[in-house]
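Following are the structures in question.
Each of the next two complexes has chain A plus one more chain, namely chain B in the first and chain C in the second.
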Partner chain A sequence: MAVATDQVTLQVDGVSVTVPKGTLILDAAKKLGIDIPIFCSHPKMEPVAVCRMCLIEVEKMPKLQPACAIPVAEGMVVRTLTDKVKQYQQGVLEFLLINHPLDCPICDKGGECPLQDQTFQYGPGASRYDFQKAHFDKAVPLSDKIVLDRERCILCWRCTRFTEEISGERELALIKRGVHTIIGTFNDEPAQSVYQGNWTEICPVGALTSRQYRFISRPWDLDRTPSVCPGCAMGCNIQIDSRHNKIGRFQSRENLEVDDGWLCDQGRYSFPYFQRDQEFGSPSIRRDGQLAAVSYPEAVAEAAARLQRAGSSAAGWASPGATNEELFLFQRLFRETLKSPHLDHRQQGIHETDPEDIGLPIADIERCDHVVVLGGQEVIDAAPVLHLRLHKSQRHGVAVHRVDEVKAGLAAVPAEATVVGVLATAARRADAITLQNQLVSKVKGSVRRLIVVRGPNGRGAKDLGILPHLGPGYAVLNGRAGRPRAEWPKAGIRALYIYDASPLQEFGATEAELDWLRSLDTVIVQRFKPSVLDEYAHVVLPGRAFPEKDGTMTSMEGRVQRIATGIDAAHVWDDWRILQAVANAMGAGWPYRTSESIFADLAKAVPAYAAAAPAQGRVLWGER
Partner chain B sequence: MSLSQATVEKIQDYARRYPSAQSAILPALWAVQHEVGYVTSDGMREVAQHLGLPASLVEATSSFYSMYLTRPEGRHDAVMCVNVACALRGAEELFAYCEQRLGIRDGQTTSDGAITLRSTIECLGACGGAPMMQIDHRFEEDLTPERVNAIFERLRTEPAPSPEPPRPAAVPPTPTPAAKAAPKRPAGGSRPREKKADT
Partner chain C sequence: MAEKKILTKDFGAPGLAHLAGYEQTGGYQAYQKALKELQPDALVEMVKKSGLRGRGGAGFGTGQKWSFLPKGVYPRYLVINADESEPGCFKDRYLLEASPHQVVEGLLIAAFAIGCNLAFIYIRGEYLPQHEALEWALAEARQAGYIGKNVLGSGFDVDVILHRGAGAYICGEETALLTSLEGYRGEPRLKPPFPAIKGLYGKPTVVNNVETVATLPHIVSNGPDWFATIGTETGKGTRLWCMSGHVNRPGNYEMEMGAPIRELIYDLGGGVWKNRKLKAFQPGGASMMVLLPQHLDVGLDFDAIQKAGSLAGAGAMVVMDETTCMVDMCRRYVEFFHHESCGKCTPCREGTFWMTNVLTRIEEGEGKAGDADLLLEMGNNIDGRSFCPLGDASTWFPRSCIKYFRDEFEQHVTEHACPFRKERVMVA
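Right, the complex of A and B next:
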């Protein structure tokens, strides 16, 4: 309970409510469940009060006041339902609609449009305006991702404020003035931002829409599935919107601790990679140099027989885009069934890892007083939404230092610093630790680090021991360590199992590795879409894309989050089922029927994950 | 195309005069317009670079104001006020006369590139001398067809006005020697004045 002086009590529509000083009338009313209509106001942006939709009556104030911009005061009496307020709401909507084309039947926003909804709820019902409407450009390409309809725009400034306050890029501006005002980029140049998809989500009308989703679906026809973005290790929460069993778009699903409600365009617009827009072939076995279609049991039996022949000289590579459940089984297949220690999920570099790499949770960046981004833009490129968190932190007074060298990072942070964070990509992990150690001796406060790993489940792959030298839970493998991928061509490996779970985090073979693949007795490729590796494979096992399966993913900060099946692909075996069938063909006897049952065993092997189990539903579990 | 060293220095000088570089956008844009003749997108980009501001903000500012030109215009800018006081004193008829005399319509430039004629301006605050027009940076008041003829004749041969950006508010305005020397109310009724600094 805060001190009484920090609290303000006011009345909204006759009901008393106590809120912290500085709260806006809009938010105080929201606390009571009283909905005041808005267009320009946005909870993550400073108020501008340009749309006038939220006008309400405040006793002793002569005119109606914008609820989105007026802070509460002690004893304030607010009325949101009077005839005068209703008359103004009708008036504002009537003005907003004067030049609005009302082309809702062909507008992508129709059905989820605040202007449409609020016109229905608060509007005048009919227009009295029978003059010619003002005409502006329609379907203006703002970039290769966004199309702008200038007639639909109601000039709420949300998108321009996003580029100013949220991303800091200031790409969009209000050009010209008065009735001629339009939204645009400088000199009509294509927008470059990687956060443009967010503009379409905050636009309260159909002015800014995604080219990818253009005329794809009506919102009420969409099936919505909560999931996690497959793009990078950030772990942004998404919603898979699908229609007729096809992905229509990815939308944000606000998780204040992770994405703060935003997505980057790499993630948001990545869905065509996961679209099953055609059949991707059945399981197949190479016979006389050609891949021949077979059934799953035949392909599984062939794979198991070949792996068994290789035994401990088999190696396994699993994508950091696979789920924890799949990775756990993959790891068991090699360590337990084949007794092979040669496991990896990495590409070329050999990056070490340990649990301290997740010492700084994403949301805690805001609570630091100094943050060093070692590598600058390369860290942002690896996890773009991180930039929005850093920009927000900077606006709230956190000193963010983007440096290339350890020395510069050390010099940037003063000795008085109390809470310091270090961010770096996995490639610069060693430097990040050096910097962290040097900072620990320099500053009086704490220093934590967060390493941006590769792939949406790169952290899970490390946690679960898809590494040659560490078992599940970073268990040290005294004397039983395998060889890393980079050394496989010279390590006497006879069979290679590639689980290429995601088109965004592929095996990515080098020329030398492809030559090596050609020389191997056995190459087994488990993948979603046909890939270059098929050409080298002796067994091809088609699996599912991430929207087609369920399970958990562990983000770079160690947050275990659930993905759910949004697209039905029942005719394709689930990837964990393929892995289990291969192991069982070698006598493993695994009994799993669902991914949840795998998770239960996984949590026993890696106790940190037990806290994330659905039953407890807390700590690392980010599912909401 | 890039701006001359002199213009760049002027812009940098404006940037130093204000606590916020944003305040220097207007005078910096004037400097561009005086050098190039209008506000080019390259010019806006350079202003943004020199002031350390996003280019979109510079365009937002320049497009807000009607006195920044967005395309090349004549050597001289003739803008006639047709607001209420001037209109009552026959400005609209006089503007039609100007159009006929120059053989161009509102917003166009004479074929010799000497004069751009416009009536798209709001009251210039010289109602006492209505009808009036602004020639480059000077007011011409108490206009008659004869006086308009004389002005246009003069402009046909006169070179473009020298770059004379309005002084930013931080510096107290000092009248130019020409303005000082000019009689307050010359016999012909013309009263040249320096244009106000604000847009």
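Right, the complex of A and C next:
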């Protein structure tokens, strides 16, 4: 007698495999490297078995069975390569194609289309269908982001299930029935979701396409570069697809711990901000009230001279869109070279920070029994893909409480709760800590918090001390603290260095600050694209956009992730190189030749980063 | 030979559609007996013992179906399938019109037996008078205390919700029915889980046909042994047969299981109309395979009809005389399935569309050599490969017609015309 276990052994095409109970035949076969063709099945969605592509033979079952929906059983004998299966695969592909327009030559998906690929691999050579095809609308605008081709749609339900199971928004639905069935929105109203780009990635045909990417490239012409989304602090992994040194699109690059394979539209469709669609001017110096083009060395020398004059009355603002390597050098430039403590990366608010803010890793939300989202939609807006994780957690039984007030959050979580999470934006950090403390006294289990900071490297900026009162690694600056940005206009600052690394996380000056800028002796602006600040600058130092450089970014949960160069901008100095040149012009003597070498020093200065870097893991502050 | 009337025994009695008239014929006695003398478990056993099989199409043992409900899981629901949309079927409609209380009483007995406190009736949208009859009957039963809290002091609470469908054949399929009843698009669900485990609103659910439950009062009143003496070894009791087509006296006939088909068509139906010859007939409804005069002595019974190569289905009997064009019959039926395909799965959605095209072209005289084989191959890729039996069944009639009448298909192709066109008569 076999011992009862939660493992099941079965045979697929004559090979034995052991998998956990409840595994689907499709996945058991995959484990053996046996590919069963699918369209509707998706690893993140419930099986529906509607496309009927994956039917295979199971011994003792008279009918062919959908491998995507049938769980394995002990002793099951599965056959995926029999004549019966092969004949049927030709049949179902023939069915799928009778009303398909076969307009592959003008379809964005061509070349990365499961329908095309599987027709090639499993389909009949030719169709016997010799009637008029059923015609449907083409190029239907679903929103300002997405276009739907109803003729190409094979009704796999992936997009409708995404809106139901993954985002919970139920925006797409099946309309009409039978061969007339179409995909659409309620009353043809434009789709509102901020997760629409994902539809184009899961659509197994060219039915759902991004307006931004329509007719831009063939997939095989794309260069692919792994990177991290510049949109927010979530840290979703992306792939930069480029052609002829231009960004074509951002695609998701699944990281189960972070994005679970999804992106939001803010991030996905942000790439035009980073496109070098024209030349953005050379370095320049203000002469007689006008910016005059100069070489990098000239501009660097001018910047260094001006900064040196200001010395400790210089202030530096760096964007939370800059890399860790750049930020590390930026703060060294101020603290070491200029001996100025006036550093910041924040905009208006002054939010305190400490490593406990990353107490709850994103993926652990699923392992909580209660999660309080303090601020509700505000939190989601700050890191949209977080909603997908919350929705998934909710589907798996996590109680998610979206509340505005601490009181409501406290009331929502029962005393029996064992694993509790609190999510809030940096603006509500103080409330989040209050709630956390109150929950700690109320509930039986643990309470952790995750603070959604601003900017893809907002966490790194804090970790590395782009703050007036804390040095790298949250080092306390006894008596040597500087003034926060909000106080600079009244702090006797004479020179300001703005490193505006990302068009998405700009300095964003207020009216009052602009007046103040006008009054300063020196304003140095290092940025990617021309900005309003150029008008106030004495020195403009053009740098690169994030797809043009490499380095690391630390997401809101403290995960250090690498970005790589996907777009070549060799004629523009790397931003770390500019910073180094400015410091060296003042005698700093930095020797860096690569961003990796900067990271090595960074890790020495902030040991918590030493462990995180190679594994692309989270920064752990425990041993501080 | 005559009908064997059990369900229709009192049809025609004055006021039968109303409570008083129904009670006059002994109505609601069985329900009271069940409540007072029988435990739910005993009722399930009784129905099992009677051998009653579902009248909705699949012929599954009713008591057995009830016993699949997981122990101790509540609430559980009973849903009466009154969607009757199979072309050729009109028995539930007849039962509902003539004696709605018989259906309600059966429903209440079933609800009591399975421990259900909230039952539903899903009625075909076009069945307006029948809906009205049911509404009346439910109101009267409520008034009489047969529906409500603590029915007749038994401690049994029950309520019934009557829901009108919106005109889709697929909503007769039990899981599509439940989905539609919940307010979603009518589409079948993946099985397993079966409704008995996860049905309406995710709760254990029994779906039973109108005629199935209408039989229950008789089993309770007369006992399972009595019921089991009627019919054949594997088919107990009687069934209503809905006879239509080229027959002199179309209509509903209640026949003992196993009575020869010949009796139904000739003795009761008066034979083929206009003194024509019988060409073929089709038991079960639009879905089922065609049979020939040589099958006239087959018994009206699930297993016998299956052995003959067709299925008893929902108890239709479509009679076709010698002037019937089988290609046109196929075209008409497949067009129906094409129209009613919910579109969920590829083989049915695309296959019924393509088959309709091919059959239309053959019928129009534009068929190509090999079209019959193309239909067979398509049928092969649809049958057993579709998500639900609608797709499978769309192929059964045409494939059986090609089996028996292939030369008729060939003739259409070679003569570039339908040989029956001049004499064609509307069927069904």
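FYI, the second predicted complex is superposed on the first by the 609 of 624 C-alpha atoms of A that agree within 3 Å, B and C clash if a C-alpha of one lies under 4 Å from a C-alpha of the other, contacts with A are read in each partner's own complex, and residues count from 1 in each chain.
Going forward, a contact is a pair of C-beta atoms (placed from the backbone, for glycine too) under 8 Å apart; a residue touches a chain by one contact, two chains touch by 3 or more.
Everything quoted here is computed from the prediction, not taken from an experiment.
Visitor: Of the partners chain B and chain C, which touch A:V92 in the superposed model: first, second, both, neither?
Guide: second
Visitor: Contact-wise, after the overlay, does A:F186 reach chain B, chain C, both or neither (first, second, both, neither)?
Guide: first
Visitor: For A:Y129, decide between first (touching chain B), second (touching chain C), both and neither.
Guide: After superposition on chain A, A:Y129 lies in contact with chain C alone.
Visitor: Specify the partner with more touching residues on chain A, choosing between chain B and chain C.
Guide: Touching more residues of chain A than the other partner does is C.
Visitor: Is A:R177 contacted by the first partner chain B, the second partner chain C, both or neither?
Guide: After superposing on A, A:R177 lies in contact with both chain B and chain C.
Visitor: Which residues form the common part of the chain A surface touched by chain B and by chain C?
Guide: 173-174, 176-177
Visitor: Which bits of chain B are touching chain A when the two form their complex?
Guide: 41, 44-45, 48, 54-60, 63-64
Visitor: In the complex, go through chain C and note every residue touching chain A.
Guide: 168, 185, 190, 338-347, 349-354, 357, 361, 374, 377-378, 380-381, 384-387
Visitor: Within the complex, which stretch of chain A touches chain C?
Guide: Result: residues 47-53, 55, 62-64, 69, 88, 91-92, 94-96, 98-99, 128-129, 131, 134, 154-155, 173-174, 176-181 of chain A touch chain C.
Visitor: If you look only at chain A, which of its residues touch chain B in the complex?
Guide: 163, 169-177, 184-187
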